[in-house]
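Per-chain numbering from 1; labels A, B, C, D and E assigned in written order.
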Amino acid sequence: MRDTAAHDLTVVPIRGEDTGIPILTATNLLLDKGDTALLDIPRLQVQNHGPTLIMGPNGAGKSLLLRVLHGLIRPTRGQVSLAEPFDQAMVFQRPVLLRRSVAGNVDFVLKSAGIPRRHRKARVARALAQAGLTDLARQSARSLSGGEQQKLALVSALARKPDILFLDEPTSNLDPTATQSIEQLIAQANRTGTKVIMVTHDAGQAKRIGGEVIFMNKGRVIEQTPIQHFLQSPKSDAARHYLAGGLLI
Amino acid sequence: AADDSFIIVQSTTSTQNSGLLDAILPQFQDKTGIEVRVVAVGTGQAIRNAQNGDGDVLLVHSKPSEEQFVANGWGVQRFDVMYNDFVIVGPASDPAGVAGSEDVVDALTRIAQAGAVFASRGDDSGTHKAEIRLWAATGIDVAAQSGTWYRETGSGMGATLNTGTGMGAYIMTDRATWISFGNKGDHQVLVQGDPRMFNQYGVILVNPEKHDNIKADAGQAFIDWLTGAEGQAAIAAYQIDGQQLFFPNATR
Amino acid sequence: MQNFASIFSNAIGLIWSGDPALWAIILLSLQVSIAAVLIAAVIGLPLGAALAVSRFPGRQVVIVLVNALMGLPPVVVGLMVYLMLSNAGPLGVLQLLYTPTAMIIAQVVLVTPIVTALTRQVIETLDAEYHEHLRSIGLSRLATVPVLLWDGRFALMTAVLAGFGRAIAEVGAVIIVGGNINHVTRVMTTTIALETSKGNLSLAMALGTVLLIMAVAVNAVVGLLGLRARQVAYA
Amino acid sequence: MQNFASIFSNAIGLIWSGDPALWAIILLSLQVSIAAVLIAAVIGLPLGAALAVSRFPGRQVVIVLVNALMGLPPVVVGLMVYLMLSNAGPLGVLQLLYTPTAMIIAQVVLVTPIVTALTRQVIETLDAEYHEHLRSIGLSRLATVPVLLWDGRFALMTAVLAGFGRAIAEVGAVIIVGGNINHVTRVMTTTIALETSKGNLSLAMALGTVLLIMAVAVNAVVGLLGLRARQVAYA
Amino acid sequence: MRDTAAHDLTVVPIRGEDTGIPILTATNLLLDKGDTALLDIPRLQVQNHGPTLIMGPNGAGKSLLLRVLHGLIRPTRGQVSLAEPFDQAMVFQRPVLLRRSVAGNVDFVLKSAGIPRRHRKARVARALAQAGLTDLARQSARSLSGGEQQKLALVSALARKPDILFLDEPTSNLDPTATQSIEQLIAQANRTGTKVIMVTHDAGQAKRIGGEVIFMNKGRVIEQTPIQHFLQSPKSDAARHYLAGGLLI
């Protein structure tokens, strides 16, 4: 993971910003729990160009929205429709690792994606190398450090080469160097045709990754704009307040 | 033994628990090569199993039920095999003072009058039915006393003896089971010798017309042996502690 | 031989008839088994949890032994308790033999290892998750037991129900220490055994079905209470 | 009545004597119960796991029923299997009554609900943790069953051992369908019941202790294999 | 959590930098797993003045060291000694929450600390207010969002007013505003006599919190210096490399 060229990161690859076509549309989303609406999103469209970043305060509903879009939670009302039956993968805020070796976990993810055994070995090795986990391949995945777990979950998901990749704060536990290289992997996935939908609290990261921002607050989508616009002139008070906290960075 | 050279005998527990069958069956197998597999259960269950065709031969001791079994066509013919006798055992302290009595009806009456604990099998077995007949002769309605001094254990002979000796009760049992019983405590035979306590065993071949699988030939061979000279001699020879347990009385 | 449908309708008929003798037997069955399971739970839940959280040399051996005790044969337990309670035994003075109390004692011996072994399993899994937090906030290993039992209470329901299943179905032990005495210690299983030995197979089956319906009722009540509590609490 | 120490030394003596008749009985006990538990595991583990992960109307009812079936009385199971296998029954032509196969069938009926109910509990806990990940990588609910069984294998050991405990200790069912025929279907528990009814209580207790020692041995072997596997694997 | 004065954060309260006395000493620490040493620390001393920050790449052994110092893991060799029998508390990298309500979790922590029932209610309420979780007091703790869980764990630990507080990346899942207010709570705890020992990957945060840095790599302590020195002129290659990844921030 040494000396990955740090300056590459600012070149954010957004393909054809104007030719974007909606690949994912949510209409009339409502997720209720008791008497409170955890999500209330009349309409949300995600285009196929560039990464989509979901930002917003803790408890805004970002993780719930990802789960609903990914199909893990059925909303109380409304639906999510895809333009095509895309392959999807997701990295959770708290990665779930099976009681198997590090390599076994990656292998299992690939196997579930229907990748034949003869191809898996090389792809597992490549994924582990990307995460700098080659030396830990035979260790129990659940004894990995927090950051190692997060990297493992991310490279497992990437190894499937999904059409849509949902990432929930994927670098929250990573050291700066690892954050860099993971950001590069994300950028690369984006370049090679994977639609990235990612939650992050890190405005710096958002800027480096680029694309559009969906800003959420209290279960609602407040604005959806390109990241530069969002950082320079957020439209809502909530967003201004949210970003203010990050000014010191 | 090969699978096709065995028969199943549905029998009551007394013949098995007393060790009689273990003693005599090898002699039959040595002679004929037929293995006898004994299923020892309650009289009612044995008859029911035989009706279902789950045995080739029935060996029990409840003459009315046996005759009914044959009359209904389930069995071919009933033969007397042997007898022993019932006795009444009780604690050494003998609270009803029946020790040495040879009049069982009188002894039971005294037990009832003393309110001394009496453990009955209460399981409709041959022994139980014999006991009920004796109580009927006393004119005492024991069913009304059930749960007080008259205790129905609803179990086999061995279990009733275990329970009865444990609670210091009087118990009616067949002599064979009693002699071979290992948990006598301080109980002894107190009442015996009354002709009304005669206990006849009978053997019946299950009707092969009712079920395809009945091994009539082998079954009949066993019955012939048991009621013949060799079987009868083997029964007479079986002893525990120098006491003969069963008395052969086959009539042919 | 009757078919299963008619046996089932016989069973319903038996329950419906409201025969007081039958109901007395049903009630005694439930009383004895529920009492035994409650006592076994009071012993086995903390014991199993303590075994799950503690670390001492020979712990693995104790776990193997407790697991093996799930295979205690009822007849042997019956005999053990019989030998203790009989007039010749050390506890003979209590005069408990052939009473429902004796039956409860025998079932407690039988069921406690089951509850203990299954509790150990459930709590060990939960402890793997909670252990560092609980130690960090200052609880000693043993002090974590009540917390783990409380937070694992829904999973532990199945352990207790397994114990109940063993108790309510059991005949070998209660018939030895209870004596299956009519009107005194006769329960459902001993009645079934009696009717079987009489050759009244379909009555025995119908009684078995009645017993099973009672077991379903108890399980349903426990299940509903659990579901209720789970909605209120935070699973 | 002898005390417990002498009963225990009797038991050791019995094992030590190497009496071939006793060993034949011990082996048949182990064969029947181990075969029954293996079959019950093959049925109950996937069934319990499927019940844990699936969501359908009436699922709670099924769970209550399976839990209640842990309370299936052995005598009733014995009768049920008897009625099926009897010459008068639908499967009479198979001529299985009074064979070890019949005993295995009865124990499978008895043990499968136990394995199923306990598996459901264990897998439900594990599924709460794994569920989102497994669904996310594209597995259908039912496709997660093998994964959950594999990752939960150490916790499931106790479920299977509970089933083994029930099987090895059981007498009511095997005596009805096996008939306790000397040299053919006589197992430890039926021998113990027979000796008890002969009033040979201390022999019965000693045999019970032998049975328990066998149960401990089986549990120890399973426990050691588990421990071994756990060191190799990643718990 | 609104309007917490952001500028306060730069005033890092380090009491008497020269009067520090060692409150925690580890000697000869070795933690083995198989044939690799996960921790190998001949000597480590922590003074009572100002926060101590533990930094280092993913898998360096930071979390393991915290656990060893806190007494949760017994090292293969060596020992940890405290100057006095201090009260300690720890917030884990993955907070553990009991299957209880949000308030119930805080209450349980306080109860375990021996705080009598009559005092607990007010302290629970205060803790929840600090975390902005008052409205969620009766919700199941395990259904909280990632950030909410982290805040809950932190205020629970703070509510015990421990002498030593171990924090393992306590703001990794927090939004910028929440990060600010948690940093303030940490600074305040430090001011009021709690020794904070904290793992972080965020150089900016390290600077704001201040104090000394223990830099770890591959299970060893590479350097232990005041944060300013560390950020300006790290002594080791490893530290330079580590910080390089963060330069873009």
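Simple rule for what comes next: contacts are C-beta pairs under 8 Å (C-beta built on N, C-alpha and C of every residue); 3 or more make two chains touch, one makes a residue touch a chain.
Quick caveat, the model's predicted, so the values are computed rather than measured.
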TODO: Enumerate, in label order, the chains that touch chain B and chain D alike.
DONE: C
Open item on the list: So if I look at the partners of chain A and the partners of chain B, which chains show up in both lists?
Closed with: D
Open item on the list: Can you identify which chains form the pair with the largest number of contacting C-beta pairs?
Closed with: C-D
TODO: Provide the C-alpha centroid distance between chain A and chain E, rounded to the nearest whole angstrom.
DONE: 27
TODO: Express in whole angstrom the distance between the two chain centres, defined as the mean CA positions of chain C and chain D.
DONE: 17
- [ ] Averaging only over C-alpha atoms, locate the centres of chain B and chain C and give their separation in whole Å.
- [x] 36
TODO: Please work out the Cα centroid separation of chain C and chain E, and write it as a whole number of Å.
DONE: 48
Task: Touching two or more other chains - residue numbers and ranges from chain E - done: none
Task: Touching two or more other chains - residues of chain B - done: 49, 52, 156, 159, 162
Task: chain D, residues touching no fewer than two other chains - done: 86, 88-89, 196, 201
Task: Complete list of chain pairs which touch one another - done: A-D, A-E, B-C, B-D, C-D, C-E
Open item on the list: Using the touch definition from the top, list the residues of chain A that touch chain E in their complex.
Closed with: 2, 6, 9, 56-59, 62-63, 93-94, 136, 144-148, 151, 168-169, 172-180, 201, 203-204, 208, 241-249
TODO: Within their complex, state which residues of chain C touch chain B.
DONE: 1, 82, 86-88, 97-98, 175-176, 179-184, 186, 190-191, 193-194, 196-201
Open item on the list: Residue numbers of chain C touching chain E in their complex, please.
Closed with: 129-130, 132-139, 147, 151, 233-235
Task: Contacting residues of chain C [partner chain D, same complex] - done: 1, 60, 63-65, 67-76, 79-80, 82-83, 86, 88-89, 114, 117-118, 120-122, 124-125, 155, 158-159, 161-162, 164-166, 168-169, 171-172, 176, 188-189, 192-193, 196, 201, 204-205, 208-209, 211-212, 215-216, 218-220, 223, 227
- [ ] Please give the residue numbers of chain E that touch chain C in the complex, ascending.
- [x] 67, 70-72, 88-90, 92, 96, 98-101, 104, 108-109, 112-113, 139-143, 160
